[in-house]
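The same chain A turns up in both complexes below, where it pairs with chain B and then with chain C.
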Partner chain A sequence: MSHDHHHGPTIDPERLAYYQRMATAVRELLIEKGILTDAQIVATIKKMEARGPALGARVVAHAWVDPNYKTRLLLDGSAGVEELGIPVDGTRLIVVENTEEVHNLVVCTLCSCYPRNILGLPPDWYKKAAYRARAVKEPRAVLAEFGTVLSDSVTIRVHDSTADMRYLVLPARPAGTEGWAEDKLAALVNRDSMIGVQAAKEPEQ
Partner chain B sequence: MKRGVHDIGGLPNNQIDQSEHDYALWEKRIDALLVLLASEKQIMRVDELRRGIESLDIDAYNELSYYERWIASIAKILVEKDVITSTELEARMAEISTRKTTS
Partner chain C sequence: MKPIFKPGASVIVSNREVDGHKRTPTYIRGKSGVIERFCGSFRNPESLAYGGDGLPRQPLYRVRFLQSHVWPEYQGSFTDTVDIEIYQHWLEPVS
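On to the complex of A and B.
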């Protein structure tokens, strides 16, 4: 490499202004040509903002309390999620289950494919080179950086996403949550546990 | 075969910077443009967005932020498809830079 790019992209104000102008120009031209409307753009942003990890947490909590649902969800993630009224818009969703023996981790090495209909937009680190490059090579070290230290006896499976095939991790249900209602369980499920870099939260003692 | 600029799976890299930022309006607008062009209007596909990003030269690929790469690709693909022309894009960008505040 001719230069050090490991610190990731830095925002250069002049360059940013250039690409923001490009974005404004493209948007205005598409609107003027009648291809898009401003209202459609606003509505699309609203729809995007309404999607976030709370949707995924609902799916996970439901799978924890309903074994038949879990079976269906693991067989066909898209259908399982749609069963709860969450649209997946044509992408194939695969749900992978964490157990005592197996831990799953999701990455998109080539870009940033992510189950955005269920988790919202991905975190910055998911899209940056360090995570994409290393997750498939040294997942244990990557997990440790997120505070997740797994025993050597646990098999780690890393799933590399594509635009048409995206993954959601079904984290293991924490001990001590027997008999909990779905809402209470869902509060233990955060975004990172559904990417697989962390476990679900433990119930507070 | 030489790896593409985007094809970095398995290569050595540094510690993961776990800091996050809230998406800004300009970023959300670019995201929405692609969603509309791909799903609703079927003018360009996500594969084409990727091709546009992956064909950036390595310095641009590494230096640009995520949505800067996206708009560079979207503009390129729309020009390729004659949805917009490079002349009108350049003219509009020049005009925007003369405005007091850009929207």
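On to the complex of A and C.
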């Protein structure tokens, strides 16, 4: 791999232990100084853990059945998500649509920016230097490793989440799902399809 | 800061070396692309990272680059792109 681009630091276990101790020390100091309470920290962790890909799947399924909603969602992702009662807490969300002509893939090459309010915590591979460096440079090879092989007639758009925007991929609706109810459709939408490394699941025959 | 670029405008990313925190990836410096959209104006992370107030706010754009331009050895369709968020103070107009 050439070194003309940014790499994230690879943290060895010893240094990780150091940062974990530091995080604990900072947390204890914040509580001691009365800046935060333990209850506030626990509540925030609970809130973060309550977020997960099921929220994003609801958004996708609704966009699949309601073309007007899809139009609004693609114009303003944050407003579209909030319309379904899902708070985005100030996240500027951009929704990008996969079609027969275009396939979208999300990465954060600088760190690990991720639409946590809609998808919860990112998977470990999303944060690893290998994905972050390769997704932007050889997206077709990375996609193939996820089992997603695309023909050259499909344009790949990589989205590098470098600043204030967060990205959600609206996967293409699988064939054979005509007339399905939203909750049944949502079950076909997994996390990886909303990052763009895979398609939505096909309905079982 | 007022936004000075319109969607569709050709821009080039500044190739300057800057120490410290910045959000313009090294791999895109010196490359030219097209403004995809204006995203709003945001506090400057190069100041926020060091306890500054991040003012004046910097206009932020999504800039679209052709992968075959960014990576000369790129394997894939000529139409493949990478879209990157870049603050205005890193962009220069292409005349």
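We adopt the following convention: the second predicted complex is superposed on the first by the 186 of 205 C-alpha atoms of A that agree within 3 Å, B and C clash if a C-alpha of one lies under 4 Å from a C-alpha of the other, contacts with A are read in each partner's own complex, and residues count from 1 in each chain.
The rule is short, and it goes like this: contacts are C-beta pairs under 8 Å (C-beta built on N, C-alpha and C of every residue); 3 or more make two chains touch, one makes a residue touch a chain.
Treat the numbers as computed from the prediction; the structure is a model and nothing was measured.
Asks: Return first, second, both or neither, reflecting whether A:72 touches chain B, chain C, both chains, or no partner chain.
Replies: neither
Asks: Is A:130 contacted by the first partner chain B, the second partner chain C, both or neither?
Replies: first
Asks: Comparing chain B against chain C, which has contacts with more of the residues in chain A?
Replies: B
Asks: Touching A:109 in the superposition: chain B (first), chain C (second), both, neither?
Replies: In the superposed model, A:109 contacts both chain B and chain C.
Asks: Quick one: is A:165 in contact with chain B, with chain C, with both, or with neither? Answer first, second, both or neither.
Replies: A:165: touches chain C, not chain B.
Asks: Regarding the shared-chain residue A:48, is it in contact with chain B (first), chain C (second), both, or neither?
Replies: First partner only, chain B.
Asks: Where on chain A do the contacts from chain B and from chain C line up?
Replies: Residues 5-6, 109-110, 136-137, 160, 163 of chain A touch both chain B and chain C.
Asks: Across the complex, what residues on chain C touch chain A?
Replies: Result: residues 23-27, 39-40, 42, 45, 60, 62, 67, 71, 74-77, 79-87 of chain C touch chain A.
Asks: Quick one: in the complex, what on chain A touches chain C?
Replies: Those residues of chain A that touch chain C are 4-6, 92, 94, 109-110, 136-141, 152-165.
Asks: Chain A touches which residues of chain B in the complex?
Replies: 6-21, 23, 26, 28-33, 35-37, 39-41, 43, 46-47, 50, 53-54, 59, 62-68, 71-72, 74-75, 78, 83-84, 88-89, 92-93, 96-97, 102-103
Asks: Given the complex with chain B, which residues does chain A contribute to the contact?
Replies: Where chain A meets chain B, its residues are 3, 5-9, 11-12, 15-30, 33, 35-36, 40-41, 44-45, 48-49, 89-90, 107, 109-112, 121, 123-125, 127-134, 136-137, 142, 145-146, 160, 163.
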